[in-house]
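Have a look at the structure below, then the notes.
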Amino acid sequence: MPAKPRIRLPQTARIGEVIEVKTLVAHAMEIGNRRGSDGNTIQRLLLHTFEATFAGKEVFRANLHTGTAANPFISFFMKVLGPGEFEFTWTEDGGAKITERQPLNVT
Amino acid sequence: MARDAEMTDRRAVIVGLSAMATSAGWANPAAAQTGPSDIGAVLKTLVGDAVPVEGRIALDLPEIAENGNTVPYAIRVDSPMTDAQYVKAVHLLAPANPLPRVASFFFTPQSGKASVASRMRLAQTQEVLAIAAMSDGTFYMHKRPIKVTVGGCGG
Amino acid sequence: MKKMPAIAVVLLAAIAACGKTYAQQMNVLDEGAVDVLMRAAFPKSRGEWLSRLKGDETMRACSNSKGAPSAEAGRAIGARERATIRYPSDGKLMGDWRRGEQLAQSGYGLRFTDDPATRATGGNCYACHQLTKQEVSFGTLGPSLLEYGKIRGFSEAAAKTVYEKIYNPQATAPCSLMPRFGANVVLTIEQIKDIVALIMSPESPVNRP
Amino acid sequence: MNSSRKRICAAALVVGLSLTAAAEAQQSGDAIERELETYRSMLKADPWSNPGMLDVDRGEALWKTPAGPKNVSLEGCDLGLGAGKVDGAFARLPRYFADGDRVMDVETRILWCMEKLQGFDRLKLITRPHPAAGMPVRDLGGIATFVASRSNGQPFKAAFTEPREREALALGETLFYRRSGPMDFACSTCHADSGKRIRLQALPVFSKPEEARNSVGQWPAYRVSTAHVMTTQHRIYDCLWQMRLPEVELGSEVSVALISYLVKQAEGGEINVPGIKR
């Protein structure tokens, strides 16, 4: 059973407020130069891109490289322009995607 | 391995870096940070022929990492973040890693502030480099030394 | 696992007399019963690994006294351990300090995942000792050895002391925390010589801070 | 100057120089320790950044999801407070369980439930029970992390009143001081003297309750060096590996006894799981 990403949003947000969004996802972020217990090199496998959209519009993006730690934690900010739902997408080498949605409680 | 017992003076590094940058030292891998990676080529792709200026970037980083596998950091770039003037991207590099790129973060005016926090890997003691790409086409940079130590019962 | 009547009896006797600690009267603990439980807890043990579970006479004396043997027991340990020390056949106590530094850095070897064919066993000196100014990641379980040779005038007697200390620290310090690297064949005589050189050579970074 | 005076002077000089070098070492050690504390506090500053939390969630899902040959969830598992009662259970473990007729810590108990309730093959569960570096904690460990986190904020308060619980404690203490392996190591080699460290890692002294209380409640913990949650059984397993002993079995009397001793020493210490460590 893979771990579900964790998203931390403020409980409520006002229009015009700049909020912090914290995301955490389970992933080994294999560099491609480690040796496994069988002695063979473990193939590179990264989550290479992280995208966050809010109300259908991209609000933040990150390109992750080998220098990013395993189980990536990313915190970023967004100015609240109106109500909406976040969609977070992590894309792995090879194209597999992890997606997580969470609405923002705008007051 | 923690080979650098002496911490490099941060101001000296910044001055040194500026000198290197203005003399186009970055384009020459041999003049860049010691390490297996071609940092010159990476910088070329990120800033082209532009010369990054020291400033505007605050890089929150420990002075020693007890382990290089997870090193917490936060980057904040000073900008009004308006449609007219904002930070487009921040790139973080660890030039002495086997591959120097850590992450690139892309902002919009709606970001509100150009501020991110994450965790990086550092293969050895080195100076990490943050570069900010501004909406007007200029670049800022900031460099910070960090020691990475060998640890644990197994050395 | 089945019940453990043997240990239950002795432990209950211990507990009956037990005040502050859980096994205060350590001497009533049946070593045989603990051996049986150790054997059961490491079911994959074969051959040489089985003997690792059972301590020798010196280890048992140290275990039972929580590392603080009586003066008499200490003398017995010292005499027994001193007799184990073997010296280099060529009479030279110092090898190559550069190899010694590598050995001091390496904690590899003798774990069940380690492969001696791939990589030699290290001494892991930095885990417990400061040795050079350059290496800031050093432990403090043992004393700092910075400038060890220089402080002692690089004397032959000091080199011999260091050699013996690495070969079998319990010869002079019964129940020392330090492994008996030579006596327990963790390191070879050549490797011990390299570490002696690291600590005693005038060229070594230990003595050139 | 006669020869005996020379010797005394030389000895004094040696001692003096040793003290100087030692003082310098102490100073540089203190500076490094301060800087390392910055690193550690940055890692801990935001609990939301601790990847171990992912395994708390995963463990909760695993606890509630039917699994195994019998396709039942672990909600029928009695952790000591009654079937399915998770909150506060970890704070009262290890304890004696009459159904298994032995003392169990949280992982040994979950192992027992996975075998008896869900029908998993125990041998498979205890073969390679701990993850390699870079791999996530196994299901059993994830469940243990979830269960432990449901005692967060509570003090360790295992009773240790049953005879078998007292036996486990006595055995644990004996093992703590027991030397074995080619390096002559015992737990007490590294964990019985205050203020010491291996490389740069401070060593908790488990023979002192005040230090045990500050340490034991952080386990299971996310280890940044291996990028996974390390459980208490795994922590013991790894220490024994470093001691050059063979592979200890998860749930063995020995590992349960050592955990019992640690938990008893930490009695009253607050549980705050998962911790985050080097």
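Just so it is clear, A, B, C and D label the chains in written order, and each chain counts residues from 1 on its own.
Note that a contact is a pair of C-beta atoms (placed from the backbone, for glycine too) under 8 Å apart; a residue touches a chain by one contact, two chains touch by 3 or more.
Here the structure is a predicted model, which means the values were calculated and not measured.
Chain pairs A-D and A-B differ in how many C-beta pairs they share in contact, with the greater number at A-B. Centroid to centroid, with C-alpha atoms defining each point, chain A and chain D lie 31 Å apart.
The centroid of the Cα atoms in chain A and the matching centroid in chain B are 21 Å apart.
The mean-CA centres of chain C and chain D are about 23 angstrom from one another, to the nearest whole unit.
For the pair chain A and chain C, the distance between mean C-alpha positions equals 48 Å. Counting partner chains per residue, chain C shows two or more touched chains at residues 113, 126-127, 136-137. In chain D, the residues touching two or more other chains are 32, 46, 49, 190, 198-200, 224, 227, 242. Those residues of chain A in touch with two or more other chains are numbered 37, 69-70, 73, 75.
Taken as a graph of touching chains, this assembly fits none of the simple shapes: it is neither a line, a ring, a star nor a complete graph.
Chain pairs that touch one another: A-B, A-D, B-C, B-D, C-D. By the touch rule above, chain B contacts chain D in their complex via residues 60, 62-67, 69-72, 117, 119, 147, 149-155.
Chain A contributes residues 18-19, 31, 33, 57-70, 72-79, 81 to its touches with chain B in the complex. Across the interface of their complex, chain B is touched by residues 32, 35-36, 38-40, 42-43, 45-46, 49, 190, 198-201, 224-227, 242, 278 of chain D.
Interface residues of chain A facing chain D in the complex, by the touch rule stated above, are 1-6, 8, 22, 24-26, 28, 30, 34, 36-37, 42, 69-71, 73, 75.
The touching residues of chain B, counted against chain C in their complex, run 1-3, 5, 147, 149-155.
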